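One chain, chain A, links the two complexes that follow: it is found with chain B in the first and with chain C in the second.
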Partner chain A sequence: MGDAPIRVEGLTKHYRGRWGRRVEALRNLTLSVEPGEIFGLLGPNGSGKTTTLKLLTGLLRPTSGRAWMLGKPAGDPQVRSRIGFLPEESYFYRFLTAAETLDFFGRLFGLGVTERRRRADALLEEFGLAEARHRAVGTFSKGMARRLGLASTLLNDPELVLLDEPTSGLDPMGTREVKDLILRLKARGKTVLVCSHLLADIERICDRIAILAGGSLRILGRVSDLLARRDAVQMTVRGLGEGALDALRAQARALGGEVLSVEPPRDRLEDLFLSVVRGPSAGGKSS
Partner chain B sequence: MRGFYVLVRRELMAYFLGPSAYLFLAGFLAVQGYWCCYLLDIARDPVRGGLDNFFEGYVSGFLPVFMLLMVPVITMRLLAEEKRAGTLETLATAPIGDATIVLAKFSSAFLFYVFLFAMTFSHVATYIDHIVTPTWKILGWTPPYGFLGAMLAWGCLASAAWALGRFSDRDAVWGMVATAAFAACVALLILYVKKAPEGMPDITKIAAGYVGALLLGATLLSVGLLFSALAQNQVTAAILSGSGLGVYLLLSALAGQSRAKIPWTENTRWAEKTWGDVLGYVSMFQRPQAFNAGQVQLDSLLLALSVIAFFLFATVKAVESRKWR
Partner chain C sequence: MTRAFALARVTLLEGLRARAWAVWVLYALILACLPALLSGIPPSAWGRSAVTTAYQAAALLTIASVTIAGARLVPRALESRVLFAVLTKPVRRAEYVAGGALGIASLAAVLAAGMGFVGGGGLSLSASVRSTAYSRQTGTVEARHETDGTVSWTCRAASPSGALRLVIPVRAQTWDGTALALRWEGGDPERTENVPRSVRAWEEPVPPEAWRDGAARLVVSVPGGNPREALGEAPAGRLLASDRTFLLPWCASLLVAWVVATLLGIAAFVASVFVSWRLAFLAALTFGICGANRDLLHQMPNVLTRQTLQTTFSRAPHSHAHDPAPEEAANWIDTGLSWAGRLLSALGGALPDLTRAQAAPTLARSLSIPPRALGSLALGAGAFGCLLLAAGVLGFARREFV
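Up next, the complex of A and B:
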């Protein structure tokens, strides 16, 4: 206890909808994220991922349950200086330029002039905004704004990083960069909690995942454990004709195996995800 | 409080980087200048005139109408626009509390208001130039005080705009230049008024008038800020605070008018009071006139401060309520 950078106990959030209707966005979520790991929070649209992150960062108050970040109750303003949070959508002051925006946040985080400049320059370079540094943020494309959002998330060199759909709006190159970035953060000993629907990426980088559906936790565990099927192997072969495949099948049977499937390779996580999410009572719920 | 300073700075930049502040200022000075000329004519009239009348009319006479127009415009953006644009959420992820955000918003609006009012020093200087025969000369030469006052006021404007205009780490220097220019402007006025011969109004009266005007401004700005926190967008915020202040102004106008007795007070010490008296107590608009009489009254001060505290508290709660959706 106390060690886990993120600890969530029985977290529940009901939104007050129109006409007194309540939306049950998150139901009794309990989990913890260990130091130095990359934790993936998955789930279909409307399953409560963003709600979870907003509860963690104190943008929302829970209906019941509690959450701690870095040992402090969620929403503690002081803890925010040690956390990097990329919201689902990044909003900036339209009339400030990219450089001024980072400078503004650097000031809020209490960084000195030289430190502010150094980090802003490095981050603008890293996220491919060096050219656009003196352009007003209001003129940025969605992807550029996302890149600026990532840059401002890392500005305070946070020990804990929360990313809500970090690749949304990014081109394939940007998506790749984000993946590399998350791995680099881990290598530097940071803890990362990432929400994403890009399962292939999550599969490769996350240590553990949780899958939410309809506001409740469906599955939680190490990616390797969840995806391992002890009695089956998958062989990915290239350049075999139809005849050769038949011979292979016969060979497998001759050796006492049972051929379960022969198909082009797929993301294994995608299969898991679909089977978990399509289980009973999947999808958004309101009551 | 580090976050506070950063936020105030950004807010003032938002006022001054766009064209709106300058249009606003030009409009304000034009109307205020016209009002000043009108009062000058009265002041020259030996029967109706007199310096006390001028200052009473100048600082506070025009104020209610002015506030009704200005406060909604100054405050409407503050929180409503940040809510609409989503930047309030961005701020909420930085290490600053909601109270700091609200306080910074209020302080910037107030500073902008003070800035507008400081511009009226140029009119006061013009007045002195016109009405009082100056005997305070420099090497036998009478400086054109009205002109100097106007130049100093505009100098303040220019240097403040420059200081705020760009992110630069020398801006502390420009801030000091602006402050120095402002102080020089005030010092010149005071020096002149002290040196001036007959007919000059009591300097403490002018000062008290300004204090009253600033207090009234601060109070109404805090009301406008609350409406900005409650409204979904700036137009709604402006309409809400405009009509809210309008009703308040109307009630204040009724102060002292209504002779109706308060029914349930027969045996209390309130028995002699009328509804008009009650309105008089809560009317902020009557207060600057009282200040003009030359004293900063404690009850007015306390009334203003507690109203401000209440509305700022309510604004913080309104901002926090977003978390309870």
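Up next, the complex of A and C:
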């Protein structure tokens, strides 16, 4: 618990609405994110996901409760140099080019000229923006702006990455790239906290999830544990004929089981889309 | 501080790419239209009016652009959410405020410098064309020459035996109507044939309007003579352009415009932390107007007396004795306006007396800013700037970004 990159205890945030009315955005949230895991913060709009991220990054101050990141109080400027944060739907400075934008963020991190250029070039290449490096960000599509945002998030090679709706505005290919990126970050030992309301995106990449609703934590646990059905077993088998299937059904019944369904497995729509758009090789690889 | 400079650089780049070209094009258009705009101005006052108008346009465009840029800095960063990205980097909020203020100051400097360059060149050119044309039409040449606090001009063709030298001491009271001091150099000034007829008229006090500001011109008429000879070796139209003394006051005036624009830009930037950008822009502009018209505002409570109202309503004092209702109404209006005047005066009093360095919205004193005024300007602006920055840092540090 002491080494948890993110630790939150009893975090509560009240806003003052119109006419001084109190709006409770987050109520008594307690959780921790373990090193090297991908943690998903899920919930409908207005559930408190973004408020939690803003409290962690110091953009908001908690009404009560405390939060720590990388062992220091949330909002500490020293901690902020070790994290990467991607705000929801960020568009950056319209008249700066992509290269200038990354150079600017590099300056904010206190990186030297050579290091800034090296990292910016590598990230622009990685996110497919090398050709657009001298284009003004204001002319970027939503997906390009999102990719630039992700590049700027990783500029300081952060230990902890906070992503607010990272796939918002992206097409299926862009979404897949972001998910692959998150998995690559995990493989490099980074801790990632992802906020999203797109459940399919989160399901396949997160180790643990927390679901917020109405500002309260409703459930917290490992994805595999939360989604597993204890009363049923699914088996995917290749190369069986109809006769063999009948024998399997009979065997299952003989052992006291109830056969609920026997049907060919279905591809995910995302995989089908990618295989159509990219060609069969990419689709095969992703499925 | 590196981060503050990075933020300042981005603020400057965004500001320049977003609106600088439009401001400069607009200014160039205004300059191009100057001959048409000032077509009704007498030739002797044309140069002064042109310089004054060019300066006012440059100052107003700089102040308006920079104030809008300052007011929209935080709201735009919030709209695009880039503020979240910036403040979650290792940037202190004080650094953000300092960077924004530096960016606003540098934007104002670049805008003012650009307009100064365009305006200086344009004015020299237009003055040259105007002056030459005038001399061709009427045989009268115009020249403006100002050195070390005196205006002097030599007319070699005035007399075969000597030159007429005109010396005007430039003092604070000169625009109240000091006569031109005429002095002969060589020859006998008492001999009638040595004195051109037109010069005699100058023995009368010069009307203040004729040379009220530093760009006023001395007009020398040489009846039947060649205007170029009257100026000796200097062609008439080139005097304004080649006169180095023109550049220094022009730059000093733009410096004042830069200081005012920077302060109002920062005031709008700081105000936008607390209120909407439109309100911040209006507040900063009101603040500036109050500062610019401080003298008027200070007098307002005195001016708005019952007597003034009575005069305004064209009523004789004795008629009020039989008419209590209008008197009661006048009392209310009198009290209300007096308080409004006091309020505005107090608001204006919060600004350093920047415009006293200029003393007037015309180029009159701005072209002859004394060093002491520049010193007080720097001190006042520095103190006021520090106050604004302190308010900005405090406000920004407390602000939450929902």
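The working rule: the second predicted complex is superposed on the first by the 231 of 287 C-alpha atoms of A that agree within 3 Å, B and C clash if a C-alpha of one lies under 4 Å from a C-alpha of the other, contacts with A are read in each partner's own complex, and residues count from 1 in each chain.
Basically, contacts are C-beta pairs under 8 Å (C-beta built on N, C-alpha and C of every residue); 3 or more make two chains touch, one makes a residue touch a chain.
Bear in mind that the values here come from a model prediction, so they are computed numbers and not experimental data.
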Partners on chain A (chain B, chain C) - clash or fit: clash
Task: Name the contact category of A:Glu100: first (chain B only), second (chain C only), both, or neither.
output: both
Task: Scan A:Arg80 for contacts with chain B and chain C and give back first, second, both or neither.
output: both
Message: Between chain B and chain C, whom does A:Phe140 touch in the aligned arrangement: first, second, both, or neither?
response: neither
Message: Looking at A:Trp68, would you say it contacts chain B, chain C, both, or neither? Reply first, second, both or neither.
response: neither
- prompt: Touch check for A:Gly58: first (chain B), second (chain C), both, or neither?
  reply: both
Message: Tell me the contact category for A:Val113 with respect to chain B and chain C: first, second, both or neither.
response: first
Statement: The clashing stretch of chain C against chain B, among 42-50, 186-194, 258-266 or 330-338, is 258-266
Query: Looking at chain A, which of its residues have contacts with both chain B and chain C?
result: 15, 57-61, 77-78, 80-81, 85, 87, 89-95, 100, 104-105, 107-110
Query: Within the complex, which stretch of chain A touches chain C?
result: 15, 54, 57-61, 77-78, 80-81, 83, 85-96, 100, 104-105, 107-110, 136, 149, 152
- request: Spell out the part of chain C that touches chain A in their complex, as residue ranges.
  value: 2-3, 5-7, 9-10, 13-14, 17-18, 80-82, 84-92, 400-402
- line: The residues of chain B that touch chain A in their complex are 2-3, 6-7, 10, 14, 17-18, 85-87, 89-90, 92-97, 167, 169, 323-325
Field: Residue numbers on chain A that touch chain B, as the complex places them
entry: 15-16, 57-61, 75, 77-81, 85, 87, 89-95, 100, 103-105, 107-110, 113
